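Here it is: the structure, laid out below.
A, B, C, D, E and F label the chains in the order they appear, each numbered from 1.
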Amino acid sequence: MPYVNIKVTREGVTAEQKSELIKGATDLLARVLGKNPATTVVVIDEVDTDNWGIGGESVTKRRLRGL
Amino acid sequence: MPYVNIKVTREGVTAEQKSELIKGATDLLARVLGKNPATTVVVIDEVDTDNWGIGGESVTKRRLRGL
Amino acid sequence: MPYVNIKVTREGVTAEQKSELIKGATDLLARVLGKNPATTVVVIDEVDTDNWGIGGESVTKRRLRGL
Amino acid sequence: MPYVNIKVTREGVTAEQKSELIKGATDLLARVLGKNPATTVVVIDEVDTDNWGIGGESVTKRRLRGL
Amino acid sequence: MPYVNIKVTREGVTAEQKSELIKGATDLLARVLGKNPATTVVVIDEVDTDNWGIGGESVTKRRLRGL
Amino acid sequence: MPYVNIKVTREGVTAEQKSELIKGATDLLARVLGKNPATTVVVIDEVDTDNWGIGGESVTKRRLRGL
């Protein structure tokens, strides 16, 4: 029954990687808390780099600076 | 003043259906808690089937298996 | 499989009212989009009035002013 | 270390405006709570007007009525 | 820089289990997407069983029925 | 109509500081995007330090190490 939301920047995450994140998060909840995988929900949000900020600036600007 | 967030998979939800969800959620809060519809906010997120997991796998894979 | 999050101020919502919100939101998704109630998740967040703002001020202050 | 999520309707927000929101929210947390900008995360969600409701109707319909 | 939110029912999760969830989610993002653990944020929300619904009823009621 | 959610660790934030965050976030949206303060919603979540992780460990553990 847990709900897991993973937010990452939209920078070419593949369907295979998304599947690994879903599987990994579901396994984590089963292993640590004994939660039933059948009702564990995982939602992945991909966020444009213009829309994600850290350190007071967008990731777009950070990428341009090589960060 | 309530805030309602509805997350569903992106599988052809129409503008009319979205309007029904907005109306229905707003009415629900007014009926059960007496909340003022004028300040009730409803946000609908449509999530790609690759990005939604349940039972440890993506909805894309489940759909391929007929689930 | 939908996920619904309802945020309201913490002002004496009863367990019975929460049950009505859960039932109502689940029915809404079933009626409008044909979603399976068995996997529809509803999470209700009750937020202290100090922590909820609208119109640039907290609900605590609004309540003191009779709003 | 704070996390700020800003949701607005998708109505032509520019990259420059997003940068101002990121800078402004980060500065706000530093000024009021002394939070370190280096680890303050800001995520902006732009929501289609069909998917945002207030007053029981979508913003799309409100815009058509001149609101 | 990823942000992970884990929501579970408030049913006696220990500080040690929370640490395992934080470590596990951070490792997952590093392993699958190469994300830097230093800026990966994990937030765990524990939700009262009255406030969590699945199948149209609260978890409180489900627990009383032995589910 | 914007919705802003601010998540910080629960470490003695005062009602006055919360009011400043609400006012500051509302002003920010008005200044940058011309949003109407009357319908701008701000919700502040205070998260226990056991439940917030960064760098793969809880903030509780980081505080014990003087971070």
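The working rule: contacts are C-beta pairs under 8 Å (C-beta built on N, C-alpha and C of every residue); 3 or more make two chains touch, one makes a residue touch a chain.
A quick note: this is a predicted structure, and the numbers were derived from the prediction, not measured.
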{"item": "For chain C and chain F, chains touching each", "value": "B, E"}
{"item": "Copies chain D and chain F touch via same or different residues, half shared test", "value": "same"}
{"item": "Identified repeat of the C-F interface (over half of residue pairs identical), from E-F, A-C or D-E", "value": "E-F"}
{"item": "Geometric centre distance via CA averages, chain D-chain C, whole Å", "value": "21"}
{"item": "For chain A paired with chain E, centre-to-centre distance based on mean C-alpha positions, whole Å", "value": "14"}
{"item": "Set of chain B residues in contact with two or more other chains", "value": "1, 3, 7, 21, 25, 39, 41, 43, 52, 54"}
{"item": "Pairwise touch network: line, ring, star, complete, or other", "value": "other"}
{"item": "Touching chain combinations (by label order)", "value": "A-B, A-C, A-D, A-E, B-C, B-D, B-F, C-E, C-F, D-E, D-F, E-F"}
{"item": "Residues of chain D touching chain B in the complex", "value": "7, 47, 50-58, 60-61"}
{"item": "Residues of chain E defined as touching chain D within the complex", "value": "1, 3, 39, 41, 43"}
{"item": "Of all residues in chain A, those that touch chain B in their complex", "value": "15, 18-19, 21-23, 25-27, 37-46"}
{"item": "Sites on chain D touched by chain F in the complex", "value": "1-9, 13, 17, 20-21, 24-25, 28-29, 31-33, 35, 39, 52, 54, 59"}
